[in-house]
Amino acid sequence: MANLYLIDKPFADSALGLAREDPDAEVVLLQDGVYLSVEPLLAARKKVYAVERDVERRGLSSKIGNDVKLIDYHQLVDLLFANKVLNFA
Amino acid sequence: MAQRRILFTINHAPFGSIHYTEGLRAVVGATSGIDEHEVDVLYLGDGVYFALRGVDRSDTLKYIDTLAQAGRKLKVERESLQERGIAHQDLAPDVEVIPRSAVRDLIAQADFTAGF
Amino acid sequence: MAKLGILLTAGPFQFENWETAVNIADAALDKGHEVEMFFYLDGIYNPNRHQTFPDLPTLPKDRFAKLVERGAKPIACGVCVRARGQKGEDYIDGVPVGGLPDFAQILSDVDQLVTL
Amino acid sequence: MAKLGILLTAGPFQFENWETAVNIADAALDKGHEVEMFFYLDGIYNPNRHQTFPDLPTLPKDRFAKLVERGAKPIACGVCVRARGQKGEDYIDGVPVGGLPDFAQILSDVDQLVTL
Amino acid sequence: MAQRRILFTINHAPFGSIHYTEGLRAVVGATSGIDEHEVDVLYLGDGVYFALRGVDRSDTLKYIDTLAQAGRKLKVERESLQERGIAHQDLAPDVEVIPRSAVRDLIAQADFTAGF
Amino acid sequence: MANLYLIDKPFADSALGLAREDPDAEVVLLQDGVYLSVEPLLAARKKVYAVERDVERRGLSSKIGNDVKLIDYHQLVDLLFANKVLNFA
């Protein structure tokens, strides 16, 4: 069971800081959170997901890296129940 | 009672808040009065994400069309794009990139500004 | 099967949170889970039955009504409702006005909590 | 003496903007200026006459009512009002429901514009 | 039906939004149900500005007192304070500064988290 | 007549960037804008005001520098009418 950080942009600084140093962290970017730079997370070998709808409507599909896994809401629900949710949205 | 020139700045990114589209509705609305105000639309900060080529415009298209027909382009600050690593080829073809010095000209020409 | 709790503190239209909340709730129901929602702060504006907007084929109230139809159990913070001058009778069916003890009960009932 | 226009896009309670708007409007009236306000987006929730909150001696509606009494001229965006399921009859006295052409008129009337 | 431990994180600064006080009301509310949930309150990011010595607590005092009587201290992340240049002598005497490693312990102990 | 930037925190990055390079800029910090670091503005010799009520209720009175002028709403109204207002609140 991971610590699943749900991250939107307004609280990104503290949420990303926590997640980066948390050995059990996985991150879900949602809403404006999909604009965030995830290099530090990936460098720290964290698994990063992004909500596909939020990426697509913002025109970011071609800009987001292959190392970020796009998920739909059904996959998100599975992640929510399989992990401990850290709410930063 | 006078015609004014209003600089609308859009600072909110799509789609976390509705300002990306309601700001444009207000822009069009500002031109709807008896004095037919002059308007400029400028994207700054995270607002510039609206200029990306693939952004869903279904909620904004009618305002953009109205403004385009009046000869008004959506302007985007170059420095805000650069800070976010957005390159020219990432942008929608109908936006106009302007440097900060031109932003100062828009400010100089404006009677009022409105921030969204 | 499991129970999902959603605490929503943002209103309709202005921010994207209500859409995310509904999309997550819908997906949870699709998978056979149960959903309990607490409308808090501006969140209490969401289930207003009088919402009308010609341009939008589906309004927030319609999506929340569909969730109720599908078995989701929402409840609104009464202090927030009254502070904002809203009335329970203006809500869609199936959204009672309660209080924070109901939120405490949701915390007892659910297997996971999302706050938006 | 001059005229101040205020565009308010945030609702009561949730954000500080309504307080800043009222404080600025009050100070302008103190100095003999005129004030015109446009409630846009969630801003339209502000003048609801049914607001009640036991802990707060002065509610948003009370401060806006006082502004009206002192001669400020507010008007609310009708599209925003109807989208949010609100009704003009729930407003304090002196707050008509209008539209963006009224905002355009405010832009004609005022000497300065503040958006909050 | 079970007693839970909930970690409430407060990320919004006072007083730009109402989350600084309504978050605490929700914390107290979470303890008000039949299961008497355990709660922790943690200030993170801009939320830590609430810990400053001179902050106006008139809207939060009753919640803080209730929590204090239940033996619950307001916890503030050290790293968030440092990033903002807030020194120990700037802080209210009743807040407890904890390092990020202790934040991880709070997360480990929590059944749920709620973000304000 | 100066360009009077009214700045709250959410849009501070672009507003401060603009103001710093604007020879006619003066800045009013209001709401959560009073948390902003104003060193770059002061270094660029910009006049900086802050709304006193917003500073006081946040407990920042002793932290804010003497080079930031605290103003009440009456002074703010005078500034609004005496300058061109740039709205970033």
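Per-chain numbering from 1; labels A, B, C, D, E and F assigned in written order.
In this text, a contact is a pair of C-beta atoms (placed from the backbone, for glycine too) under 8 Å apart; a residue touches a chain by one contact, two chains touch by 3 or more.
Computed from a predicted model, the values in this text were never measured in an experiment.
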Would you mind naming the chains that touch chain E and likewise touch chain F?
-> D
In the chain contact graph, what is the shortest path length, in steps, from chain D to chain E?
-> 1
Based on the averaged CA atom positions, which chain is farthest from chain F?
-> C
Most remote chain relative to chain E, going by C-alpha centroids?
-> B
Answer with same or different: of all residue numbers used at the interface between chain C and chain D, are over half used by both copies?
-> same
Distance from the CA centroid of chain C to that of chain D, rounded to the nearest Å?
-> 28
Return the distance between the CA-based centres of chain B and chain D, expressed in whole Å.
-> 25
Calculate how many whole Å lie between the centre of chain C and the centre of chain F, each centre taken as the average of the chain's C-alpha atoms.
-> 39
Indicate the residues of chain C shared as contacts by at least two other chains.
-> 13-14, 16, 41, 112-113, 115
Multi-chain contact residues (two or more partners), chain E = 15-16, 18, 112-115
Note: chain F residues in touch with at least two other chains are 31-32, 54, 85, 87, 89
Complete list of chain pairs which touch one another = A-B, A-C, A-E, B-C, B-D, B-F, C-D, C-E, D-E, D-F, E-F
If you look only at chain E, which of its residues touch chain C in the complex?
-> 1-4, 6, 18-19, 22, 25-26, 28-35, 37, 112-116
Chain A - residues contacting chain E, complex = 3, 10-11, 13-15, 17-18, 21-22, 84-89
Within the complex, chain F is touched by chain D residues 2, 4, 16-17, 20, 23-24, 26-28, 30-31, 33, 111-116
Would you mind writing out the residues of chain C in touch with chain D in their complex?
-> 11-14, 41-42, 45, 48-53, 56, 59, 61, 79, 82-87, 90
Touch list for chain D against partner chain E, complex = 13-16, 55
